[in-house]
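Multiple structures are listed underneath, in structure tokens.
Each of the next two complexes has subunit A plus one more chain, namely subunit B in the first and subunit C in the second.
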Partner chain A sequence: MIPRGGTTAAPESDRELTVKARTQRELVTRRFLRHRGAMVAFAVLFGILVLATTSIGVAGLAGWWGQDYRAAGQVVDAGRPTLDLLPSFVDGDGPAVGAHPLGQDDIGRDYFALTMRGTQRSLTIALLAGLISTVVGVLLGALSGFFAGRTDIVVMRFTDLVLSLPALVLAAVFGRTTGGGAAVIALMLGLIYWTSMARLVRGEFLALREKEFVEAARAMGASPWRIIVRHILPNTVGTIIVNATLTIAAAIILETALSYVGLGVQSPDTSLGKLISEYKDAFQVRPWLFWWPGLFIVAIALTVNFIGDGLRDAFDPKQNRVRD
Partner chain B sequence: MTVPKIPSAAVPAGTPVPADASAPGADGDRLLEVTGLQMHFPVTQGLLRRQVGAVKAVDGLDFTVRRGETLGLVGESGCGKTTTGRLLTRLIEPSAGSITFEGVDITHLSQAKLRPLRRDIQMIFQDPYSSLNPRHTVGAIVGAPFRLQGTKPAEEIKPAVQDLLRLVGLSPEHYNRYPHEFSGGQRQRIGVARALALRPKLIVADEPVSALDVSIQAQVVNLLEDLQEEFGLTYVIIAHDLSVVRHISDRVAVMYLGKIVEIADRNSLYETPQHPYTSALLSAVPLPDPDRRHQRDRIRLQGDVPSPLNPPPACRFHTRCWKAKEICRTVEPPLRPLGPDHLAACHFPENAPDAQAE
Partner chain C sequence: MAVFVIRRLLASVLTLVVSSFLVFVLVANSGDPLSDLRTDTSVGREQKIAHRIEVLNLDQPVPRRYLTWAGGVTRCVVPGQGCDLGRNIRDQEVSVLLTQAAGSTLRLVSAALVLAVLLGVSVGVISSLRQYSGFDYTITFAAFLFFSLPVFWVAVLLKQYLAIEANNWYQDPRVGPFPALVLAVLSGLTWGAIAGGTARRRWIVRGASAAATFGLLSYLSAINWFRYPALGPGLIIVFSLGAATGIAFLAEGLRRRQVLHSCLATAAVGSLGSFVVTPWLLDPKWASWTNLLLLLVLSLLLASGIGYALGGVDKGEAVRASLVTAVVTGFFIVLDIVLRTLPGYADLVGGRVFATIGARTPNFEGTFWEQQLDTFTHLLLPTLSILLISFATYSRYSRSTMLEVMNQDYIRTARAKGLTERAVVLRHAFRNALIPVTTLAALDFGALISGAVITEYVFGWQGMGNLFFSGLIQVDPNPVMAFYLVTALSVAAFNLLADIAYAYLDPRIRLS
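The block that comes next holds the complex of A and B.
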């Protein structure tokens, strides 16, 4: 394989022979960094994260945005956003942020502060739920698929049981009894969403355990645990990552649904879903109350999906469009 | 390459060739001994998993493998060759019989106790596409035996792997490549390098070349032979291609429905096959010479291999054998000597020394 446009200034004659040895980690990082969509998405998500944490502060630390998301105030200009990106020669006031760039809600709370708080909460819940469901799903799916037989029957019937429970009702009941903290909601969502992951991973394991490389590992004296972790799991990374990103997006949506029926994050705390559901009726007259949190939800879900795509491609050794 | 003699043409085969000179014939030098080996896979039915039968994949094998020789194991699909290979490497546990390796009974050793033994018995797999983990680099694949067995400190693994790659004719620079970047033949060599890593005494090769095209087959077969010479390896080679087996083996065992029907020195088996089944197999080997192809009598076996769920009684071949008599249906023929280093299980052997059927 001839290095294409290699940085090594090798003479033309030994070009073909200069093959730089790279470790697997270097290759994966490299492929990820070269994935344009993923890098853009990563930058956007990182930007959202920084904006949400630094603006109103996090964990008791003060942010640079002076207004508190809990503080009510006087509603100015029917709570219209003061953010104006159009310069003065086009339409008037010129690029300006104003006092309430995203507007104000009914009782005069700054909507920018509220949206930032909601973003913090929604991100925490979604990522945590994604993590929990992935860990539980991969673990159960792997055990079920690898050991098959009786283990498989037990785990899969349990999965069916969890699947048959109405997720919303379950989450609502738990949310009610535990008071609706973000961590509790994340845990619940995670414990509901692992089923699809478990089934997918089980399917992959059932297929992969029959491959000769698994037999070869056994013939070398590898333990079942090692075969699962080192030999089979890396081959399921694509499925796991894609499903995890879908779960994260779905968790944001379900959290929205929970908040919509009033069982999600409880006031005065807020989440993006809660903001949308609270102002669903104002959509006709004050659409910004709906669009801003909606924009953040879409941005988070999209960027997570793109990053997932990038990671999947980066872990796949057959993706060699980035080969230098 | 000599063409297998046409069995039914009753060509005087000359004196049965004594044990091949390259095969160390000393009886005391047995590396692997198999007696009465059985593998019955249970067939279960219903909710309670009641056993309703068993697939008798391997049903009583007796043979020995001598140190430094190559034993070829041939037979039709489904005759239990692969199961035998997996039993010898103890990837599965036999349901009866015993396997003795270097005087140690390994028949029922636990996986933990088998671990050190894995250094001495290695396996080469049939499919070079499925036998290498697509997510592991060549370095990780060939180096895995060292890591698993802990025989080398971490910093010595890479040079050792690169030596192995050189040994099987690959470049040490391939260390960080992935399997999909190689051709079938190269991949099979990676498999060979992996099997060689721990310098095993016995290598069981399950159809090592059947997935490769003919020109590559020769490369891999020759590589196996060179390595045998260099490291004094012992091979059990499972194959269905009789030409390949003839080329590489010192002795050949023919299997039919989970049993060995004939086991003999290579030349003796190919020149004077005793079991009708062996004759039939040999007559099916394609001949490159059209004249000779037209001359010989092709033995066409009727019907399919009977089900291993319910094999025919006594001689298992009697349902398809053109020589079958009443005795074949009632008395199972034992493996008996019919020449020097030549055993066959038949009441009416083809080329018996005294030409006298029992």
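The block that comes next holds the complex of A and C.
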């Protein structure tokens, strides 16, 4: 650009057209960080995660919340929540947490501790299910798409078979015969959800295996394993991450639904769906027993869905859902 | 094409055989079917156990029992032989139970699906045309929210706030000035968000719709309309003519006079016909589904006649638009009758019109219309809770496909030719955006049937979900298999249908 008379010219280095070279990873991270909805969702989910793990402790470690979720106690004030968010100029007293912020259930158990325990369980199950389904789905999808031919047919028929089994039957049968531990439910949900991942990854692999860079790798004598892991897989990371996120959101909803109908997490353990199911008839008298676990389910599922949406936008700018 | 269909059918039959065997084995091995009898202390325990063993063939190995069941199922395919789906743990014919259960489930699922597609697609399309507007953001957020809602939780909320509170309100149905004001503001915001154009135009739309809502609600409260609702011939005529104008506009634009005139004529004939038809339909001896269907066929014939006569050069378009107008006019006439039936129905059920449990009022006896209303009020809440979640899917999906289509080159070409925006959107973009939605709807149907299990459980329906759950809990494979058969068959059939529909609608796809 020609500086016009008298204007202060920028220093030499700044006047050059500077476009910083960014790697694909930097681009994706930048786009994700700029997605406002996803960032808010991320913060909220992180907050829930920290709250649920630190408050009542995890894996034997004690948390800062003194009360145990199993301990029954004296029911104070009909178990009403003591949480008060309204400032003093609205209702006279200031904001307070109180002894039982989310109230107590009918035998005096602290509902905050119970809800946190349920959140832990539901989150663990969903994350594990997401992990299992991702590993299985990516593995089978990659093999099926890369080797094509007979492998592909076998894997895809197997996928169809699993897809045709009703999730509830599997859940009920495994839940009943193994006692309904969290790990079993997670495993089962993972084994239900891997099919969509496998189909997506297979599709990507089928397209990518015809590309020149794969040909080049093959010509240099790379083993199939190396081509899959080092050359093709990094190109499918977007699809995998986005689908894994959406799987986690779906797994949360399905797990809570299973626990609600009594086929998921079993007593004395608890989960968010089970809490709702136990107190659904108490809605008229003690609505908080119904509201809190539900709000946590919705908050978790909503934030995970938003994060998934943000990731999709970040990985696939062609869709251009976010305004830059 | 034929080769493709046959190959697909064979593959699905094979999958079905293997997976039905798996399901059978899993259910049969999930527990002890005699557990309730083992703790039984009454006399004749041994006989009861022996009887159950005989009914369920428990003395045979599981694969053998599966073969017995499969043998019964294959009789459904052979003509002249009745279906035999085995007997359940209480020695009832499963095929009889299934016939009763499937009816209510299919009604629920199809009502929810049709509404979800209609609402979801129209909202999704509007939201794509107003991309990045307040409306778009609101709908996007709402879709994410609905998508994250557990159906059992929504169900309880709907029961409380939609049914119980609405029933309380119905005791003295009036809208006070303050609620009317709130609703008016909401309606103003909604319409303002949907309307496009300049800021001035949108403020006019907001003001007008808010004022209209407030006025209407106050007026209806004043004449106690909510207690004794009806449309009456006057409103039927006004609504039908309005709908006719709208249909003509959406179909061909108001400049194509022949289309507009034939739509208006159809609406006029239809709503004048209501003077004759309404008394017939209210007559208990006459009202039935068959006669309703006959009336529909008659009105469709009449509408095509009108469209043909008045269509001029646009005969085809005029006939099509008139047919739609006839259906809408018929809807208004039926709506009027249903609304008139409401007070009588409310008296029959003790004033609690919105049902929270079951698929019908037990031992309900009433006229044809009261029966339909009873079905409808019971259908309302479960449909809504399924609808919310499906609506989210359809609105998101149709929004993104519509955005994709609107960026295509042929849309630019259509604009460059000087076509109106209406023609570009509805003729060139919308039709193509609908193609993937069709596929989604077909695939969704199967998913909805199995997903409806939870909804039915929550609302206490005696549908297929109940068949499934009780079978599962009592370790009784036959009812579970009946449920599985229906869902698996419909999933397979609709998957195939989706593929064929896709290839038919989009000639670029070739089935091989």
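Keep in mind that, in the parts below, the second predicted complex is superposed on the first by the 257 of 324 C-alpha atoms of A that agree within 3 Å, B and C clash if a C-alpha of one lies under 4 Å from a C-alpha of the other, contacts with A are read in each partner's own complex, and residues count from 1 in each chain.
The definition used in the following text is that a contact is a pair of C-beta atoms (placed from the backbone, for glycine too) under 8 Å apart; a residue touches a chain by one contact, two chains touch by 3 or more.
The model shown is predicted, which means the values in this text are computed figures rather than measured ones.
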item: Touched partner set for A:29, first subunit B, second subunit C, both or neither; value: neither
item: First, second, both or neither for A:212, with subunit B first and subunit C second; value: first
item: Subunit B versus subunit C as contact partner of A:231, first or second or both or neither; value: first
item: Which superposed partner A:267 touches (first subunit B, second subunit C, both, neither); value: neither
item: Per-residue contact with subunit A, leading partner among subunit C and subunit B; value: C
item: Which superposed partner A:277 touches (first subunit B, second subunit C, both, neither); value: second
item: Contacts of A:222 with subunit B and subunit C, given as first, second, both or neither; value: first
item: Residue ranges of subunit A in contact with subunit B within the complex; value: 1, 19, 21-24, 27, 211-213, 215-223, 226, 231, 234-235, 237, 315, 317-318
item: Touching residues on subunit A, where the partner in the complex is subunit C; value: 157, 160-161, 164-170, 172-173, 176-177, 249, 253, 256-257, 260-261, 263, 273, 276-277, 280, 283, 290, 294, 297-298, 301-302, 305-306, 309, 319, 321, 323
item: Touching residues on subunit B, where the partner in the complex is subunit A; value: 86, 89, 91, 111, 114-115, 118, 122-123, 125-127, 130-137, 140, 144-145, 148-149, 173, 175-176, 178, 180-181, 191, 194
item: List of subunit C residues in touch with subunit A within their complex; value: 11, 15-16, 18-19, 22-23, 26-27, 29-31, 132, 144-145, 147-153, 156, 160, 400, 450, 453-454, 457, 468-469, 472, 480, 483-484, 487-488, 491-492
